[in-house]
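In structure tokens below, several structures.
Two complexes, one shared chain (subunit A), two partners (subunit B, subunit C).
Moving on, here comes the complex of A and B:
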């Protein structure tokens, strides 16, 4: 049994080596996609157009404005001493935010009195506005515990302390999701195409006439793609680490183990697709649709599962990436061990076993 | 005679309401070249797929090498060779890689496959091109290689489904020399074809039409179904127009165009002179009617006409 499986795996690898385009697509594409989307996909807001109105005109007030500009999020577009300059700037959309430093800012600070920096925001894009306000609060808090933005709140100012992702970079949060997304899509497509190709070319008929049983055939066909997927996952993770500062705080062993399990489930999904599709074209579309949309929308990659309606929350249980993401984020961002994410991995294992059983049964029926 | 290699008893297969194979019974002896002759859709491929354990029969039974096709399909697959109608090699692998893979699929490894691979290269006459990609080979060589792949595990019986379709006549002749060699070495060859010249090379031929087995016999005996002198060739000017007159002559059946002449079957040899006289009178002089050795195609056309008139 092992030898016949091995014979198929060797054949599959030989074909992959001849078909360099496919092989490169499988290995390089995930890394490339991560590179491109990692830069494009971000909730972080940068180059915010900021106007500064300084009523105080002291060294301290200039420091406050500088702190905003030095943060890297803001670009200064106008500066003055009169609030009336702001209206036309906001109307034209030239400014997204304005910082207004009040009279007696410096004297209040030196006297130990709480003071307030007024921060004016264009709220027409509420998502962006909220993000910008968050930045402003952090910067104000860094100036002095006495400084707050918005309404004065007395001498006690809450200072948020953020764990795991201190600068609240959305990239750090999104890249693991992106990794899961890319691995899922590429592994499902690769296996679905590999199996359907045999049907389309007519070689499946001859394979069926050999003593090969379904399990040998499917194992032999998918094992090479597990190896290929694993290599490209490693490459993608390296890119995530080097370019997007995604740390790997947990154990590499567990990271490899959960990634292998996730890839195996993706392959089973691909085999299932192959039992439905008869042509490579149909297989490709089915594989793409069935892996891309659920992983994008229902895995917690972008939208938190806990804020979904109950029905959708229930539906997320058949999205493999949902389980993998918990373990992946846990391991790379928090250094969490199996005690934290084992329930998700157990669920993924059960779901994967179910997929394998259905896919094999369907293949046997078609054999 | 030793135990038959293949036994089919009322073997049937329906797809929905369409009956692809209808109560077919036959036996194939060891070492025999057994031909399944029929047009496309006659049920040849469906029968061969049932015998190879790829398709379950809906009624009837069959054994291959004494094994039941319904319950012992895997055991059968281990002991037979099968060459499907569709291209069964990987074009993006080399000759050697294909041989090694198909050997592996049948469980051949190490020393065993090395020996058999040389044998296969020899059979396919591809020893000099072992590292060529299969897609770069001419059709005739691919067909020989596919046969070699199906025989690597040295099965006593091999099923070939239209093995020479799309191959030039010379390559076809050489392929059949190979089949003769297999039979001489004691292997049973079960082959389907719709080419009459190929059927002539089979020891026995089963004529299939619309799912039914019309007749099964050796080629000379199939031809002997006609009384001596009753199959004639008609030579006259404008044979295409003369066909209608030949058909309407009493006692004449199965008239058909055959190149620049006509073939027909008479109910008795004495009709020959009558037919010639009638054609002369109808303006097709000079008409000559001569008795000929019936071809397998004549037999086939006659049997189908008979079956269809019975059905009607």
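Moving on, here comes the complex of A and C:
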């Protein structure tokens, strides 16, 4: 059986070599994409466009505005004394936030009376808005001392500590997810056309005359792509480590193992797609649709799974990248061993086997 | 004019002939929109919280109550020791760990500050930071409730989306993405298929001019795109209940130049690839992926390095997202959005022109 599988693998490899553009694309693309998008994608908000409306016009009010600008997060884009200037600025998107200092701000402060600073926010992008609000709160807290207004007890002071990613750089969090996304999409696309091409060209008939069994055909077809995918995954991880400071705190062996498993499942998915579709056109659309959007949105790459409604959390179980990300992030960022992520990898293995089984059944039927 | 109608009829007939295409065309966008609209949420809720209460007083229990009462946290474990907490964080079963030291209540009633340890899982930057922020805010509120107030209070006023619900921001974005992917893919694949099969040659022998041919080929997909847009829009408005604050007419009108861009891109792709496999890779990686990641859909453009921000000026989806979000969330109209509309029109004409040039050169 192995010899026949290997023979098919060699045939597929030869065909791959003939279409050099595809072969190169498969190897170089993931690395290139990780490089490019690793730099581009970030949740760390900077250059927040701030407008300042100062009703007080005193040294203290200017100090307050200065505190915001000095923090390095905010850029001053407009300044004035009339609140009406804010509406058109926000509508156009020229301003994201505005600080409004009230009349009598300085005199209230020096008399020890409580005063308020109004902070207007563009709430459209709630995530950015929440981050900006967090910054603003921090800055306001640093501006004013706590005042004991007949306190019943002392204040609660949180001592914050962040593990694994102390400067909370979103890149370290995003890059592994990006890697999983890129690998999944390229694996599915690579093999989606594998069987359909044979069907369309009619060479499937010739294969029927050979002593091949369906499983051997499918395995043989995906083997070259597994090797190619593994090489490019290695390259991408290297880029992630060297350029984006993504550490590899866990064992390289386990990293390679889980990546291999993930690639295999992605390829199996592609093969399954190719057995469902009758034309390359449909195969392509199905491959793209079933890999790109779901992996981007349902794998935990960007949007946390725990924040999704229950029925969707259930659905994420059929997204292979979801399982891989747990292991990848665990190994890479936390140095976690198999005892932590083996349930996910076991699920992934079972899922992959299921895909291969269905694909085989469908191929047998057509053979 | 009649030739155009004939081409249209031929294309529509071909579409109908492949039974698997129809559900992809019409059902898939709706299903995807529904599923992904729910998933694309940046509202961090139910952050897994583990507590190690070493004080075990009424005061410390009250603090834990405060934190878990809201939907922001989900108490997943209460452990006896710091080690237990560490293990939970490492395995990912807790994202935030709260340690209340012994003597907490005593410190507070003596008027001293009570320090609590908050550990966040930074590996999941979103949940970790959000959890940290929620916890810090809740603790501050508890402090204020005890009568210790800051001298300067920051009062936030949130415009357009007062409850900071990410659904209203994300769902129109998902709509735009699905529309873009579907129209681009269809056009690209259909045209390349003709070329691969060889029927393109046959079309060239007909008395059609290349211009007519292009229009005739794109028009049916434009129609399909319109139908898809309408159904998807209905889902956004009536299922998700995203409020439409701006003029509906503007929304519809400005979708047309966007479709011009995507259809033009589909045509361009078809002129750049010789086989369907190439077309697929090209479409996927060069045209769809950058638009998904760099258009401002999930990752804000302003967070990107300058060189990427420059690049996004060439991405049609960027402008369309501004339009969609402007009309839905901000309720603005053409007076604000005319720039984006013009940019889309310009891009669309340029792309179509380029595609037509390549098309003609290949026919010659």
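The rule we apply is simple: the second predicted complex is superposed on the first by the 257 of 367 C-alpha atoms of A that agree within 3 Å, B and C clash if a C-alpha of one lies under 4 Å from a C-alpha of the other, contacts with A are read in each partner's own complex, and residues count from 1 in each chain.
Please note the rule applied: a contact is a pair of C-beta atoms (placed from the backbone, for glycine too) under 8 Å apart; a residue touches a chain by one contact, two chains touch by 3 or more.
Just so we're clear, the structure is a prediction, and the values are computed from it rather than from any experiment.
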> With both structures placed on chain A, which of the two partners, subunit B or subunit C, ends up touching more residues of subunit A?
Replying inline: C
>> On the A-aligned overlay, A:340 touches which partner chain: subunit B = first, subunit C = second, or both, or neither?
In response: second
> Does subunit B (first) or subunit C (second) touch A:11, or do both, or does neither?
Replying inline: first
> In the superposed arrangement, which partner chain does A:89 touch: subunit B (first), subunit C (second), both, or neither?
Replying inline: neither
> So, does A:19 touch the first partner subunit B, the second partner subunit C, both, or neither?
Replying inline: both
>> Touch test for A:3: subunit B only (first), subunit C only (second), both, or neither?
In response: first
>> By the touch definition at the top of the document, which applies to A:208: first (subunit B), second (subunit C), both, or neither?
In response: first
>> Going by the contact rule set out at the top, does A:261 touch subunit B (first), subunit C (second), both, or neither?
In response: neither
>> Just checking: does A:51 make contact with subunit B only, subunit C only, both, or neither of them? Give me first, second, both or neither.
In response: neither
> Overlap of the subunit B and subunit C footprints on subunit A, residue-wise?
Replying inline: 19
> Considering the complex alone, what residue numbers of subunit B touch subunit A?
Replying inline: 52-54, 74, 77-78, 80, 82-84, 86-90, 92-93, 97, 100-107, 109, 133
>> Show me the residue ranges of subunit C that touch subunit A in the complex, using the header's touch definition.
In response: 18, 20-21, 24, 28, 32, 35-36, 38-48, 63, 74, 89-92, 107-130, 132-133, 135-137, 139-140, 142-143, 146-162, 164-166, 168-169, 174, 177-178, 181, 185-186, 189-190, 193, 275-281, 283-285, 288-289, 292-294, 298-300, 302-305, 308, 322, 325-326, 329-330, 332, 336
>> Applying the document's contact rule, which stretches of subunit A touch subunit B when the two form their complex?
In response: 3-4, 6-8, 10-11, 14-15, 18-19, 201-203, 205-213
>> With touch defined as at the start, can you tell me which subunit A residues reach subunit C in the complex?
In response: 19, 21-22, 25, 29, 33, 37, 39-47, 64, 90-93, 109, 112, 114-131, 133-134, 136-137, 140-141, 143-166, 168-170, 172-174, 185, 189, 192-193, 197, 277-282, 284-289, 292-294, 296-298, 302-304, 306-309, 312, 315-316, 326, 329-330, 333-334, 336, 340
